[in-house]
Each structure stands twice: as C-alpha cells, then as structure tokens.
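First chain written, first letter: the chains are A, B and C, and each begins at residue 1.
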C-alpha cells in the first residue's frame, strides 16, 4: 500500500467510489462491518497518523475493500462474521398494524367512557352516521354527490392551473424578460392564504362553482408556475451546450433537453400544488355553498354533529391519499428517469 | 427562445419587474378611476393607500395593526417551529427505520392533504378557543410536510456514503451525525420552507376559530362588511410578510447548506 | 348563468338599476330564483317546507344556506342571490350605506327578546359592571354583535374591559361546554342550548331597544330582480304571510314543520318562535315600521342609527343620510301582498 496518497486524493476519489460500488455488492458491505476495525487501522496506517483527511482514507479503504470483496466472492475468508439473520417482516405489515392499533385505541377510549361522546364519537357512531348518510343522504344531498361536486371543482381549478401554469412557468424559465416581469406576482401570490381573497372572488364571480374553482386555481397556480420555472432554470448548462454543439436548434434543445430535465421538478410541483389545492376545498365551500364535502363538514360543524364531521374527515383524508397516490403513479409513468441524472 | 437569454436585453431584471409593476398599476388606476369598476369590487390605489394609512395610524377594532400582525406571526412561528421540529425528527426516524416509516406513513399521508377547516370544530371541542387550538392547527399543517421532506432526504442519501462510513467503523450514531444529517439537510430545509408556506396559508383558517385579533381575522372581519380597502390592505400586508418569511428561510438555507447541490 | 352575468355587469357599471330597468321587459315568472336563507326556527320554514314559496314565486327556487347576513349582501352584490330571507338589520344597514343593489321589501320579525345575553351562572354576573374582565362571545357583524356593543357602550364599558370574541354559534356552544367563555350574545337554538347548560338569561334587550338598539330580520330583494319580476316578489311575500297566519292559527302544526326543518324538537321550536315578534305585513306599511310612500316609517331611522354606529365602529366607511335608507325601503310589494 504505497500509493502517493496526496496526489491521489481528489483525482482518484470518484474512481475509488465507483470501483467500490461495482466491486462490493450490498451484502458484502454488511459482512465487512465486523472487520472494519482492521480496515480502519490499515487505512490510517497507510495515510499516516498525522490526521490526513478522509479522502486519503477512502482511497485506502477502497482498495483494501475491493481486494477483500474479491476474496469473498471466491470464498469467505475466516474472521469475517456473517451478518445476523433477521426475520423479514414486510414493511406493509407495520402500516396495517399501526392503523389497526389506532382504530382499536379509538374504540377503546370511546368504549371506556374516559372521553365524553360529544368530544369524541365512537367508531360505531361514525359507522352509523356513514350508513345513515349512505341510505338517506345528508340534508337532501348524497355523499357521492357531494364528493363528486367537490372533485369537480378541484378538477376544474387544478386542471386549469396545470394548463396555464406549466406553459407559463416553462416560458418564464427560458425567457428572462417574462421571468422578470411576472416573477414578483407569483412570489406575492404564493404565500397568500386562500381564504384572504375568498370574499373578493365571490364578489367578482358569484357564489356558484366559478368562485370556488377560481380559489382552487389560484392556490395551485403560483406553485405550479414557480416549480416549472425552477425546473427549467435547474437544467445543466453543459447539456444545453452539448446539444447545441451537436447542432440542435432551439426547439430541439427545448424538446429533447430542457423538457426532459425539467419534467421531474414540474411533476413535483404538480404534486405539491394538488395537495395545496385539496387542502383548500373546504375553504372554497365555506361561504354560500349548497353541496360538496366541504359544505357537508361545515354544515355538520354548525350543528356540532361530530360523527358526521369525523366521517367527512375520513372521506376527505381518503380522497386526499388516493389523489396523492395517483399523482405518484403518474409521476413514475411520465418521468421514469427521475433521479437518474 | 434561447436567443433572448443569450443576448441579454438592455434592461436588467429589476427594471423589467418594475416596468411590469408600473403597467399593472396603470391598468389598475385606469380601471378604477374611470368608474368602470365600483370600489366595492376593486378599490383604487388611493383608496387602498387611505385604508392602509388608516389601519397603520388608528389600528383595527381596538388593536394596532402591529399588534394584529404580531399576534399572527407569533402563531405562525409557534406552529411552524413545533410542527417542523417534530415533523423533521419523525421524518428522519422514518427515513432511517423502515418500520417506523411503515407505521407512521399512513397517518402522515392522511394528514398531509386534509383540509384544516374540516377539523376546526373538533379542535375547539378538544382544545378550546385559546391559542392552543390555533397553534395546534398550524402545527398539524406543518408536521406532515416537514416529515415527508426529512424522510425523503434520508432516503436519498447516496448509499455508498453510508457504506463507506460504516466500513470505516462509524457507529449508527456517527453515521447519522456525520453522514445522514448533512446529506439530508438540504431537503430538510426545503421541507421546512414548504411547511412554512403551508402554515402561513392556514393562518386565516386558524384565526377563524375565535377571537378578535390577528391579521387573518382582520381580513375576514373586514370582508364581512365588504370593506374591500381593508381586505386589500390586509392581503398586501400578509403577502409581503409571507415573502419576507420565505426570504429569511432561503437565507438560512444558503447559510446552513452551502454545499447543497454538490 | 347568462342572467347572472348580465345583472352583474349592471352592478359593475354602477348604474345597474337604471340601465336594467330601461332595458328589461317586466316578465311574469322568472326562470329560477336564488334564495339566501338561514336554517332557523321561524314560520319562514313552514312556507319553505310546504312549497308555498315556490308556488308564490311561480318558479323553481334554489336555496343556499348562508353563514351570515353579510354573506347575503355579498351574494346579492355578486348577482348570485335574488332574495335574502330573514337577513339581519345590521347587514342590511351596512349594505344600504354601501349602495349595494338591493331593496328592503319586508320585515320577518322584530327580534326583540329573541336575541339576548346569556351568562354562565357560575360566573356570578349580576350587573353590567360584573362583566369587567369577562369573556363574551358573539358572531361578529351580526345583530347580536350590534346589541352587545350597544350594551357595552350604554354601560360605559369598553372592549378593553371586556374581551369580546368573534365566534360562530356552533363554536360558542362548544366553548361554552368547555367553560371557556363567561357569557354569549346569540340567537336560538344556540342560546337555548347554552342556557340549559349552566347558563342564566341576562336581560338587556328592553333597555337597549329603548336606547335605539333595535334589531330585526328582514327580507331584501336584489333591485334588478324586483324590477323585473315584481309579481314573483309579491307571491313570495304572500307565501310568508300565509305561513305566519298558520303559526298564529295552528301553532302546533306550524311548530311541527318548523321543528322538522330546523332539526329541533317541536317544543323547542315553539319556545323559540314565541320569543320573536313576527310583525304582520298589514302593520308593516304603517308609520311604526316601514311606512308608505310619502309617509316614511320609523324603521328607516333605525337603519340610519345602526349605520351610524357601524361607522363609529369603523366597520363601514360612511353612512348616507336618512333619505337613502327611506329610498331603499320599498313597501309596494307588501301592500300588494296584503291588499
């Protein structure tokens, strides 16, 4: 081990790491842990005891490890203790268990009578409320009808925000003048609580679906624009230059370099925006609504119908989780190259 | 499209921004002063200025505007700091321990998109009308966002870094302290910024709970009587404060994670 | 939808009434009427439940439950609400002061003792001075809020002495059961519920009414709608008159229907309705109330006083003269409804 350590330092580091990864599969690393004291001693020895940096040590360790790993591939040398076998429990089981535990705890608390029922309805109360609403509806509306009208408003508001926000954001990303002209507006809109301009939207657009969809649009729009613009700005200049050097025109650069590189960021923006818009649906239906899940939960709040409130929370939460999951599926489909930059 | 960027236009960005602001202002004056729009729908810049100075000089319903703003910022600060702290710790744990992740994820995913107004009355019933219910609402808004960001931050730590550290004999704690935390920090801070935005956006919902103070309450109260000038003045203040908070967080981010992106 | 757009543009032009009146032809029946209302224990619910309003207006009604009178003002201004049923006099006074495009066409009730203070028995409040340092909740912008502020003012108390909290009726009930507020100024059914739950009535309404803090629930109609469909408005008012007659002739039967609509027991409905003074339309055209053309009634000055108080509270910017309030009251429809 007489490598010229200091010269090797920076130039060899990427090489060292890649060699290491290529040569040592994950399970081998686990096995090596037991032997690490010896490795460290070796590395320290090679690098000198005067406290030279981690880079030098890395190089040492890498070569040492590589050799050891090669050895293991043939036959595990003595002295390397195999990793302790663990009983594999699928992670999902923990999820199911924790949800079940929560429901059980909820049931136990309400059954024990420790918390009065008007503070916390029991699972049975919520179940009964759900059955009743599915059978008779809630104040002349059905649960499905309410869910559909809420989703319709969300779809309209969010859909328009995507249609308008993504192109605008991309444009702001490639065009400095557009960005400078519009960025301050987006920056100003982004932190505004949607409820602050709800009353204005009702004044301008009436109490119908228009003002409600507009509120959701305005919640999602600045997030989408900002993310799309940031996605374009984050594209590596070398790539653009390389494409141009290869003779690509502006349209080709945009289509084949900028768009694919910006897409992961845009999609992330869409996910954040959808979550933000979803969490605004109740605000949208706070004033002068006649249907929707938000209207339902607010109406139940007026009458302190805690069972209906909890039911609405469960439905809203379930819908939110489903929408977020759909967005993730879409994300994986559309930008399967995410993270492989 | 790229030509614009390659041959920088004569004007610097701030001038373009200023021009667009001036254009918007001119449009605003034109629309409002021409009598095209009633000031009920859209107050003119002068009305807005009058409303703003009135609010600054005389306050709103028994409190100065600074008191209202201060109350709101305190709530936002308390909700954000507690929510982001707990959320980040939980998220780091979730990223580090897949079982904790599996156990906590359903709740985090459930809570994240849940509209805060839906559980407003439950918060009142459980925690009352004081600050605790308002701060809890903001806390619940911040927590899942911070947790998810921290979890992803840990998950995205390059595995070779972990392996090298372990191979070097680092204990679990050392790996966490010297490898995981620094690698995850950029994402944790991005998450904190997102969480701050969400908390800020929830402010009005929290101030609906009860009371007669806070800038969010002021906007809602003024909206009741269609005092569009106060509503706009409130929006201007809340928007500017929001930008300021975001800038501060960006600054912190830059200071703390100067290695971000490397 | 087209209709809404057209009328909103009218409002935007700031001369909605004149322009539209000249342009639109009076029609007998509107295609649909948007009603803003509150679920409450009043004879209005009888006419709603039995479809009398629908019959009277001769059109399909779409009912939107509003959170407050202020919401009705906003919706009317936006053109999404044609008739505001039983909206509070405070919101109406504010709306007239701001020149919102609606007319006051009738009174549902003089609130009188219907809304009053309830104090927590344990808080030991016996006199107005005892309110010092206490927490009192009320929905801001409401008639109750107006009365509460009047109560504080007439007793020399300020909002520094008493903590006044802005809460919806449901939140008041929740906070009351947790013992967080010492008193509340609110309407039934929240008022009766907190009274049952360790509360004592604290009578303020009679002295306040004498001091000019009169509050009432009113029927307002969007000006353009009233001009276009006067018959529908008259029919709507007739339907309410019929319901009121039912409450006077067959109170049990009426209470049963009201209870069903409001989700309370018939006993509660009866008790609530007995608190209100439902003024018959036949009296409303007299000088005591809305008056008639040429002989304005007292109610215009009630609205004017309310508006002045709101200006003092800096809730609205300024209040016009008495004549603006007289002009906003249109008794043509109630006279036709009873005549």
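Convention: contacts are C-beta pairs under 8 Å (C-beta built on N, C-alpha and C of every residue); 3 or more make two chains touch, one makes a residue touch a chain.
Here the structure is a predicted model, which is why all the values come from computation and not from measurement.
Set against the C-alpha centre of chain B, every other chain centre is closer than that of C. The innermost chain, defined by the distance from its C-alpha mean to the mean of all protein C-alpha atoms, is B. Inter-chain centre distance (chain A to chain B, centres taken as mean C-alpha positions): 17 Å.
Chain geometry summary: the mean Cα position of chain B and that of chain C are 38 Å apart. For the pair chain A and chain C, the distance between mean C-alpha positions equals 48 Å.
Residue positions of chain B touching 2 or more other chains: 40-41, 121, 125, 223, 226.
Chain A has residues 118, 199, 203-204, 286, 301, 304 in contact with two or more other chains. Counting partner chains per residue, chain C has residues 74, 77, 170, 174, 177 touching two or more of them.
Across the interface of their complex, chain B is touched by residues 17, 20-21, 24, 26, 29, 32-33, 36-37, 39-40, 43, 57-58, 61, 65, 89, 91-95, 97-99, 102, 118-119, 174-177, 179-185, 187-200, 203-204, 219, 240, 250-251, 253-254, 272, 274-276, 278-283, 286, 294, 297-298, 301, 304, 306, 309-310, 312-313, 316-318, 320-321, 323-324, 339 of chain A. Considering their complex, residues 35-38, 40-41, 58, 60-62, 121, 124-125, 128-130, 209-212, 217, 221, 223-227, 229 of chain B touch chain C. Across the interface of their complex, chain B is touched by residues 11-12, 14, 68, 70, 73-74, 77, 94, 98-100, 137, 140-141, 158-160, 163-167, 170-171, 174-175, 177-178, 180-181, 310, 313-317 of chain C.
On the chain A side of its complex with chain C, the touching residues are 118, 199, 202-208, 211, 286-290, 299, 301-304. Note for the complex: chain C touches chain A at residues 1, 4, 8, 36, 62-67, 71, 74-75, 77-81, 168-170, 173-174, 177, 263.
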